[in-house]
Structure formats: C-alpha cells, structure tokens
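The chains carry the letters A, B, C, D, E and F, assigned in the order they are written, with residues numbered from 1 in each.
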Amino acid sequence: MRILVMNPNTTASMTASIRATATAVAAPGTEILATEPLWGPESIEGHFEGYLSAAAVLDRLTTLDAPFDALVMAGFGEPGREGAQELLDVPVLDITESAAQMAMMLGHSYGVVTTLDRAVPQISDRLLTAGLLQRCAGIRGTGLGVLELEEDARRTERIIVETARELVRAGAEVICLGCGGMAGLQEKVAAELGVPVVDGVAAAVKFAEAVVGLGLTTSTVRSFAAPRPKRIGGWPISGQASQQASELSVSAVPSARNADFSPETSGI
Amino acid sequence: MRILVMNPNTTASMTASIRATATAVAAPGTEILATEPLWGPESIEGHFEGYLSAAAVLDRLTTLDAPFDALVMAGFGEPGREGAQELLDVPVLDITESAAQMAMMLGHSYGVVTTLDRAVPQISDRLLTAGLLQRCAGIRGTGLGVLELEEDARRTERIIVETARELVRAGAEVICLGCGGMAGLQEKVAAELGVPVVDGVAAAVKFAEAVVGLGLTTSTVRSFAAPRPKRIGGWPISGQASQQASELSVSAVPSARNADFSPETSGI
Amino acid sequence: MRILVMNPNTTASMTASIRATATAVAAPGTEILATEPLWGPESIEGHFEGYLSAAAVLDRLTTLDAPFDALVMAGFGEPGREGAQELLDVPVLDITESAAQMAMMLGHSYGVVTTLDRAVPQISDRLLTAGLLQRCAGIRGTGLGVLELEEDARRTERIIVETARELVRAGAEVICLGCGGMAGLQEKVAAELGVPVVDGVAAAVKFAEAVVGLGLTTSTVRSFAAPRPKRIGGWPISGQASQQASELSVSAVPSARNADFSPETSGI
Amino acid sequence: MRILVMNPNTTASMTASIRATATAVAAPGTEILATEPLWGPESIEGHFEGYLSAAAVLDRLTTLDAPFDALVMAGFGEPGREGAQELLDVPVLDITESAAQMAMMLGHSYGVVTTLDRAVPQISDRLLTAGLLQRCAGIRGTGLGVLELEEDARRTERIIVETARELVRAGAEVICLGCGGMAGLQEKVAAELGVPVVDGVAAAVKFAEAVVGLGLTTSTVRSFAAPRPKRIGGWPISGQASQQASELSVSAVPSARNADFSPETSGI
Amino acid sequence: MRILVMNPNTTASMTASIRATATAVAAPGTEILATEPLWGPESIEGHFEGYLSAAAVLDRLTTLDAPFDALVMAGFGEPGREGAQELLDVPVLDITESAAQMAMMLGHSYGVVTTLDRAVPQISDRLLTAGLLQRCAGIRGTGLGVLELEEDARRTERIIVETARELVRAGAEVICLGCGGMAGLQEKVAAELGVPVVDGVAAAVKFAEAVVGLGLTTSTVRSFAAPRPKRIGGWPISGQASQQASELSVSAVPSARNADFSPETSGI
Amino acid sequence: MRILVMNPNTTASMTASIRATATAVAAPGTEILATEPLWGPESIEGHFEGYLSAAAVLDRLTTLDAPFDALVMAGFGEPGREGAQELLDVPVLDITESAAQMAMMLGHSYGVVTTLDRAVPQISDRLLTAGLLQRCAGIRGTGLGVLELEEDARRTERIIVETARELVRAGAEVICLGCGGMAGLQEKVAAELGVPVVDGVAAAVKFAEAVVGLGLTTSTVRSFAAPRPKRIGGWPISGQASQQASELSVSAVPSARNADFSPETSGI
C-alpha cells in the first residue's frame, strides 16, 4: 500500500524529516510518498498561514499525478482535513487526531507539547471539534517556533522534556508531540520522562495502514460527500503544474473523486 | 464608519443581495462596502469549497486597496474568520456566530435553517468551536442548494418556513437563517412563524457597529496575534490584482497589519 | 430610540455612574434613561440580595410610567432577566451576558474580574445557564466590595489590573469588568494590560441598539411568554408609587405586556 | 427534628396538600411545619412569578417567628434556594434537585413530567445549574396549569401517565413529578408505568432528615456565606407581619443568621 | 429496616470500622449489617483489585443467607454497583455517589480527598459516569495507601486536612472523604477546616434510609433489569459457602432476584 | 507479533468466530491467539454478568502460560479493560473504544447497533468514560440477545441493517457493530447501507498492530501503574489451572507484571 504524507508547508527539509519518520515506522509492504504544497508559507504558526496552507494542500492534491491509498496530513492543529476527505476517495488521517487517539489507547489522559503559545487555542479547538478533547490534560507551548526546532537539537529536546514534565504533573499520562517538526524526538523524550510519547506522523501512518488494511474509507453520506460539480474560478492555483514536487516520483492517475470541476486558467 | 461585507463566493449577484441586506440595516453614518474573492467557487456547499474560499477571501483582503473599520464575513458555517482576525487590525464578525449570538439575546434556544443536509455537521462544528452550541435546539437543511435558493422565491420561502416550524416544535424559540443567500427573507418567515427570525448578515452588521462604536478590536495577545514575518511562496495569489472587485470603489491604504510578508510572484 | 438602564440596587450614585457610561457610548439618536428600584439592597453581593433586587426591579418595571425601546439590566451575575423578558415586549439585555458575548467577538477566551470571591460561583452559574461559559478562561474576585470600588479609585484600578493580569496568564484574551460599579475603568485597564477590556453596561447598550435597530424583540413562544393572568397578592410592592425615581423624567404608558394582573393593595 | 416546608405560592390549599405529603413520609420524630408567603402569586408558571415568589419566600423566612431544623422549598424549577441558603443556618433542600438526586439513586436516567411546556426550559436550566442534568432523559409538559392539576384528578393522572410513558420510551428509567401540586400521585402513576416515580416534596423531606441526622448544614465559606450587613430599603416587605401564616403554630426565635439588617419601614 | 453495608475488601478490621460509622449515624429502628467478601484483595488501590472485588462482592451477595432492605457499597471510586443493582430487588447506594450527592446539598462545589494519586482518575471517571462531576472542584490524593490510613491517626488527620485545604482554596465548599477507611474523621477535619465534611458511608446509610422510607427501589425497566437466565460456569465462586462472614448473624432467605442461575460447582 | 484476543464469555463457538474475524484481518506476521475465561457467563447481557466476566478475564490472564504482544478485549461495552492494563505490560485494546475510534477516522459521527436495549446505557457510559461519546449520533438495540444473533443469520442481518438505517437517518455517517458476536457481518451490512461499517474486533486487531508496531505500551505513571504487592485471598480463582483453554497452544512465560501477589489457595 502507498501512503502519501503531506507536509503542509513549503520547507522541503521538513518534508524530508517527516518522510524519514513515516518510512521508519511503515510496515513491510507500505510505501511512503511525501511532498509539500507548491506555494504557501514556509512554516505554519497561526490561523492565517493555516488557511493558506489548507488551500495549497488541496491544490497539490488536485493536481497530483500519482495514485495512493491513504493520505496523512502532517500539520499539527491545522485546518484542511475535511476538505481532503471530500476530495479523495481514500482515507485521510490527520496527525493531530491520530496523536490524540493513539495516546488515548495508552493512558487515561494525554498532554500536548507544541511550539508557540499562540498555537494552544488552535490545537484545543481542533481536538474539541474532533471530539477528542475530554481526555486532554493540557496543551503547552515551548516558545520555540516551527523552524527554530531544528536550530539546536539539544536545546529543543531539553525544552520539550521540561514542558512535558509539567503536563505529566498536571495529570497527563501520555505525551503527544504537537508539531510535525518534532518527529524523531519521541524516543529520547520518552526515555527521559518515563511515559509513552506519541509522534503524530508515526501514529497516523500506522492508523492509515489499519484503515486501508480493513478496506475502509471515508463515509460519503453526509459531511464528506464529494464536492458538487460547479464552477471554481482560478482553480487549481498551480495550473498545469510543471512545478516539481519534493522527491515525488509520480506515475499514475490521481485518486481524486470524479467531480466535474471546471478549472478556469484565470489570469491570476 | 465603513463596514466591509465579504461574500465568500464569486457570484456577484449574491454580493449584491448581501450588500442590499447590509445597507438596509446599517445605521446612519455607516457605509457598507461589499465584495467577493477574485477566484474560488461560485457557491460554497462543503468543506473543500469552504477551504478554497477561506484562502481566496484572505487573498482578497491582502490585496484590497481600501480602508474599512470592520469586516463582516458572510459565509454561514464557513472557515476563515480566525485568519482574517490575525491579518486585520479591525474587528471581524462572522455571520454564523453573529446570528447565534443575536438569537441568544432573544430567546432561550435557537434553531438554524440551512441549505443542504451536508452543511449541518459543518455548522454544528463552527458553533461548537465558537462556544455557542449549548443553546442550539437544532440545525436543519432545506434540501436547497445555495444557488437554488433564488430560483423560485415562493418555494424557497415555503420550504424555509416548514423547516423552521419543525425546529420550533423541537424547542427553538428563535430561528437563524443559515445561509448568506437567505438574506431578505427574515421578515416574511417571522410573520408566518410567530417567532423572531435572525439573518446573520444583518446581525453581524449591527454587531460590527457596536464593536466599532466602543472603539474595540480583536485581541492580539494570543490566538489572533499578527502573522509572524516569513516567506510565503506565491502569495498573494491574485498578485498585482488588476482584477475588478464587485462594485467596490477603493481609495486608500489597506488596513492589513504591518507583517513583513515576502510575497513571491511565483510562476503560478 | 430610548434605552432604560436599570441599576439593580438603590444607590443613586451608582445609577448616575452607570447612566454616564451608557450615555457616553450611546449612538446619536439613542436616549438613555437610568433608574433604580424603589426598595431593596444598597448593593448586591450575594444571592439573598440578588433575589430581593430581582423582585424590586420587576416591581419598578411594573409601576414605571415611561415608554422605552429596550431594557439594560446592569447587575453583573444577578438574577431577574428572564422575569423582565416575560413582563416586557421590548428586548432585555443583561450586562453579564452582553460582556461575555462582546468578549467572544474579540478573542478566543475571556476572563471576568469581579468584586468579592463569593460572587465567582454565582457569575459562573449565570454564564453556564446563558450558554456562554465554554470560552471563559476564569473569573476572579478582587476582594473589593461593590461600594468599596469607589473609595480609592487608584487602588481599585491597580487591583483590577493585577487580577486581570492573572487571568491573561491563565489564557484570557479579553477581560470583562464584572460589576456595574466598574464602569468607566475599561480604558485605563486596557491601556495597562494590552488586551481589550469590555464593560458590560457599554456592551449591553450597543447590543440593545443593535437588536432594536433590526426591529427584533424577545420571542414569546415558550420560555418568555407573557405571564398568565392571575391573582398576585400585594403586587406591585410599591403600590401607586409616589416615590421618586432617580432623575427619571417619565411621561407615557409603560411597555409592560397586556397581562391581566390583579394587584391587591394588601395591607403589607 | 422540625422541617419547614415552604409552598412558594399563596394558595393555602396547595400548602395543605404539600403538608400532607410531607407528613405522610416523615420519620417518627420529625415534625412538619408548612406555610406559604404572605404575598405574591397564587401559582407560579414562569420566571416573572418565580422571581416574585423568591422574594416573597425570603420575606416570609425573614419574619418567621418559629425555629426549624431544615427548610424544604416546594417549588419545582423555581428560583430562590441560594438566597435561603445564605439567610439560614439550617440546611435547605429544594424539590427540583431532590427529585433528580433521588431518581439518580434508582435508575440510570430520569425524566420529569411538569405542568406547562413553558416550564421545560426553566426546569432544564435549574438542573443544569445544579449539576444534575447529565442523566436527564427528558422534561415534558402535560399542558395542565398548576391550578388545573386539581380540577379533575382522574384526567390529571391519565395525562401524567401518558406523558411519563413517552419519557420512558425516550430512555427515562425513573419519573420525577415536576410540580409540588402533583404530590400524592406518585403511587398511582408508578403502578401504571412500572417504573419508580419520585415526588420532590417526599424526596426533599427524607433528604432533610438525612442531612440533619448527620449534623450537617450549608457551607458558609463562599457561595452561601451569610449576607453582609447593609441597608436594605423597605425590607422585610411584610413588616411587623401581623398576617397569619397558613396553620403555622409559631413559638420561638427564628433561625435566620445574625446579619445586621437595617430594615426600613418604608412607606411602601 | 436493615441495611447491609459491604466492605469491598477482605480486611475485617475495616469492616468493623465501617460498621461503627454506619451504626453511629443510623436512625432508631435501622439495623446495620456489615460484612466483606469471602475472597479478594485486602485493600483496593486500583482497577485490577477493584474488578476482583466487584466480582467478590457479587459472589458474597449471591450466597448471602440474610434478608436486608438496602445495600450500601463502601468502596470509594470502585466498580460493581450496577451489578448489585441488577442482582438485588432492594435499593443499592454507593458511597462515592452518596458523598457527592450530599455534598451538593451543602455547597456549590465539592472536593474529594482520597488515598493514592492513582485513584484520582478512577474516582473522576465514576463521578463522570454517575453524572455528578460537574460540581466537583477537584480530587486529590494524600499519598497514603488504604491500609496506611490507620497506622498513625494523627498524621493521617493532618495530611487529610492539608489536602482538603488546597481543595478549598481551589473552590471546594464541601469536602468528601474519598475512602471508606477515612470514616470517623469527618468531625475533626470539619472542625479544622471550617467547611462541612462528608463521609460517604454515613451519607449512604442516611440515603438508604430515605429511599427505603419512601418504599422505592431500583428501576427494572432497562439498565438494571434482572439478569437473564443463563449458564454461569463456576458461579458462585464461594460455592456452598461454609466460610464465615465477618460478624454477620444470618437467618433468612436472600433478597436476590429470582433469576434462574445454573451455578456449576466447577472443579475450581 | 502475537495478539491475544479474549472472548469475555465462556461460549467456545464465539471464541472461534472472533478468532476467525481477527485472523482474517491480521497483517502478515501477526499471529492471533484467542481464548475465553475458564468460568463465568456463557454470554454477557448486563452489568452483573459483565462484572463476573471482568474478573474471569483477569483470572484467565493471570494464569495464562503464553507470551503475547498485545491484548484485544472482545466484549462490547463491558468492563475490565483498565484492570488488564494494570496487570499486563503489553498494550490492551478494547473493541468498544476501537470501533468508535476507527469510526471517527471515517466520518463525522457514528452510530452503534447492539443487541438488547438494556445494553444501550452501558455502552453509552463506556464511551463517555473513554472520552469518545461526543461524536456518537446514537446507540440502538436490535432486540436480539447475544446468543440469538447466530440463530438465523439472514434475520440477524436484516434487523441490523434496519436498525443501522435509523441511525444513519439520525446523523450517523459510520456504523459500529456493537457486539463481538456480530463480527463477520460488516461487509454485508455496509453493502446494503452504503456507509462504512466497523467491526470492533477487526479495528482493535489493527490498532494493536499499530501500537505494537511503534513499540508503545500502556503508561504506568498513574491510572495504570502495576498493582501494588498485597494479599489477595483465593486468587487466582482458577488455581493451578488444569482447565483447557479454547484451542490455545501455550508455551512460555506470562507477560503479567512482576507484582508480588500472594495467591491463597483458599478452600473455595
């Protein structure tokens, strides 16, 4: 099976890191594709960038010329998943929800360590909407921006451990790493804390394997029915898409649903 | 004061209708501007289109060359408001929340009549996230698509009344019209039902006047702090924006916050 | 339009202060009346006094000989609003709910600074019942009683700022001043804190203008139907009411609903 | 021990009926006093009347010249309990909460049969505030007003049974009779339905015995601290109270707390 | 009336202590029986032991040869109550819920002091399921295991007071002693804290008297219908039960429902 | 990896059916063991039987002489999981939670079709405690007992489809089969309904593979810390366990945690 992991921002080094995490946990027989949007913010630290990214991700999915069996959206607390669920006929896993769901399999309550404090209400709202907030013991920022995470690996790890420890004191029995850019740190943090640490990318890849393994996919009866045929001006943004995806070897037909889009190559 | 009302889709006749509603309720001294995005779906009936629209609206706001004192977002149940709140230093009102808030001033519980059944969970989630769902007695679709609302005005009115009546039976004491395209029907529906009927556009315009009247605007301490300076590829989408906004006479500097965007005129 | 602002206690200097706040924010064309009950507690700091005040306010409304277009009830966290909604056919705004609703238009979460710690659960319960508690990040008392607020303005301001700062640290992005007697301090507090500060009286006046501006009023289908005709012994308490209201120039018929009360001028 | 049961309205025949129910369930050694306010509505069917009654009940308690060990407030869904809790140093039980609490001891979910449909949101709000709504499967009106309950006992019983049966179908495992005026019907209704039926007056009397039996009373540390000494104009309403309580043989000092009220014998 | 108080663990000295508490608060005419299971853990400090105890308690109830009118289950936060409700046709009170319910009669919010920190989520879950968590201001462990409570009475009391004081600071107006083994300390703790302190065993005994006094018992229509007749291998565990109950003088037929169990005297 | 699937009742044919479902969905390299308790009820349809089963399952786990990497508990809505989480150092998945979690990956809301109506509140409580109830659109019984499910396969399928269809009408976008005995029907039901149908056993097996695949297991810091060393009379019930497990070829050391149990071979 082939799982497409979508880094929501345009920083190719983050795509590489996320791909590495996904590949490391994939089961034998699972192939990982990873890519990022062709336009949009280099990192996502707020609603404005999140909404740009959501459209850029949907644009990437619309124009992508490669078959896959499941999509993993690798932005923590970011919008867009429901749009991808409408667009695709393969299952869509989001790392925010996947991290929380796996944490709930491992302990009574979980905590989330994220980047900036401003992301806390945003993540809280996503978990609330997803119906997964009840068991959340807290969400805390480290004060480190997304791209700062990679600047000094030792400092990053130390701050994450300190922040996570406060959450454990507040009742968290499992810690979720609340940023795709923290992928790879879970083992070190777990070793220091003595509690299970869940990385959302890893969790989502395994859940994608689980869902695909059962032959299941998104329900189309209501919320996530395919988009109705209609005129969408200027869409897709990236047009005939001569842009190069980050290391994505593409070959076949897209799995986008058979909606009758009428993309206009607007002058935009 | 000047209130910008943003129709989230690209159908100019809907912009006109929304402008008419807004203008009809504006206080003396309030000027209504209304426009729509330069690209995106002609109507919004789902998450995919909602996310495209959110980015298209933010794109329109980024390139708009006109000052205004408050923004009203006229898509019912649609995403994007938090992004505009980060981007602008004037208050942002959304018709979903405004309708619910005004309804809660008028009765114990409210109901929402919307277009298609598929919008029901989406609206429910927006109200949940906004902290306004507790007093909601129900949300029901009429089975009419956004653009079908205008096809047969008499039929539309009759179906809205029938649907609203079921909500009243279920405990709703006030009815919210759950689509920007229903603006203008509130009085007829109220007359038939005998309960107050709230149109979100009208409510949001009055609330915008209220907030601006008190000299208040969005808090910037956490959730809605201005976007951090960073590289955003291909943004804004509509570039130097020679496109014409729908009847918008523009004159002055935009009220966008002083973030140091580095728009790249990508080849897109 | 004419808005009646009701100070729930009998301290005329508080009525004056509340009137000043209301007048300062009223739109051109809005006339502010302000008064207080003819009997009852000089300040309200608990349930017992709150319930006395609720009846005294309803008594005042029953005997008031002046037309008005909306009522603002200026007691924070105090009971009685639903009774006024049944009694009157004009809209009724309460400063507790109005403050919270305006705060929710400005930020993700809000906090409330109030007088005594004993008021905290009472305010919390009002917000819970109103369906507005979900976005509340905290309610904190300053330790100052209602009438102590005016004793040393500088101290009051300082303590309010300190208390509000703790709420901001706890996640509040907007602060509500949780006592009618704090009206007038919002600008100073906002300047020191750097977050929007909402005064409930100001918010309620603007919302009253908004509701009246749309020609809407309280729903009568269920919770707030007019009282049924019945015998009410000893009511109204203040009888033929030769008492003088605080600076209220009265002229016309009351807007009380046409219920067939049979007030008995009991020997009480 | 002596339990005072307070009928919230001025209809002496209801006081008699409530006294009969209370007496029938009282343990050996428990003495039941029952009375009603000296002024206020003859029945309570809404918020306006409820708030008048709350003050009238507090007035009655302030002037009552008889010792008692616990108070039972016999209005279903009506306000005022918290005021009595501040005023008295003996425990205060309310029939709304007591009915719900006893029902929760007997089954997983309970339903409430009440009088008019307009009372439903009011009862729901009381149970919500009391923290007892979660297990409520529904609240339904019979369409019978409070004083109509006694008009045709057979019809009343039949309609209560029908309404209760709908609640059982909706998941209620226990039925609460949601009006003090339904006291005495519980056995017949239970026999027809096959589920336990709880009368709030009976439940509250037994709970009062339980609380007094343990030597416990209302906490005074926060919400229900005694009223602060202050000027209360025109209070108590019923002044020196030469009025006759309904069959109450009084003898001793009131159990009201030692607050330093300054009642003014106003000209009211 | 006869109330059976079931100590969930096999430590007879705890049964004696619980019996003493129950007897001390029983009304004249109430007879207290107390016993413990014939097998299972000597103390319960977690889910594993809780589930063993639940079965051991049900085993004890199945084989018990003594009539009683109500059962009090004396394990705080422990499972099993719903099983006993199905098995018996007399009412079943649990000390967790009884403590919370009595606390809610005495104050706005309550706190729970328990033994080990690991019990906190377990108690929280029981209160959540019971629909009684909303008014809970906190649950805190003392760090003392169940059997350590009796080691140094003075230290135990001091630590309970300290822990309770933190809960009062956090908003609790009433304290519940969250372990059957704390029975007897309520008066001392209350004296030091100045807030009401509720012991669950005492509360449950009084509530059992209340329920039995009204002739009520568990609803059988849904959740707690009698077990269906079926084959249960190896049940009851304690077989012909020659084991001696702790000081229980038994005489008559059990009150277990007439289910057609087919106990197999397995070779176990 | 080896996954132990525990049928909670003693009916070996159900074990076989559950094993078949689990084996059918297991990934290459996953070995499925399946067994049932050595004593307890032949089917579980209520709390009494559920609690017996919980102890019987823990007894089976304590005495089981076979290594495994994860446990799947195959009783829908039944207690015991937390006990197994304390006892074992491998992850424990429950089919109730797993079904709900997988459903939430596939649609906005889910519904549960179960056996008897009496199971509905029990399942609801489990989902509430698990923090997974918010997205549940309904739980409905088919009226078929556990063992009746296999009597007439066609009838069973038809009734499940009808019941599920009502849930879809009520808003469910995904259906969960709420009984281990329904395993194997998901494809037929899905084909008829047009919505995804989740079988809990299948979901739990895939989630067990996911958790084990990431090297994660239950957190031991609080709720699910290993049982403390203590005396447990009569435990394990099944003693030296000469009983034969259902087709379980056992070989190695148990994975039970190193708690210092002191099982007494009581005379029971």
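Definition applied: a residue touches a chain if its C-beta (ideal position, glycine included) is under 8 Å from a C-beta of that chain, and two chains touch if they have at least 3 such contacts.
Per UniProt, the chains are A, B, C, D, E, F = Aspartate/glutamate racemase family protein.
In this text, all values refer to a predicted model and were calculated from it rather than measured experimentally.
A centroid comparison over C-alpha atoms places C as the chain most distant from subunit F.
The pair from C-D, D-E or A-F that reproduces the interface of A-B, where over half of the contact pairs by residue number are the same, turns out to be C-D.
Taken over every residue number at the interface, the positions common to subunit D and subunit E amount to over half, indicating a same-residue contact. Taking each chain's centre as the mean of its C-alpha atoms, subunit E lies 28 Å from subunit F.
Averaged C-alpha coordinates give centres for subunit B and subunit D that are 46 Å from one another.
Per-chain Cα centroids separate subunit B from subunit C by 30 Å.
Remark: subunit B and subunit E have CA centroids separated by 55 Å (rounded to whole angstrom). For subunit F, residues touching at least two other chains, in rising order: 108-109, 120-121, 171, 222-224. On the subunit A side of its complex with subunit B, the touching residues are 10, 38-43, 45-52, 54-56, 58, 79-80, 82-87, 117-118, 120-122, 125, 128-129, 145, 222-225, 227-228, 230-235, 237-239, 243, 266-268. Listing the residues of subunit A that touch subunit F in their complex gives 25, 27-29, 91, 93, 97, 101-102, 104-109, 130-132, 134-135, 168, 171, 173-174, 194-196, 198, 202-203, 206-207, 209-211, 213-214, 216-224.
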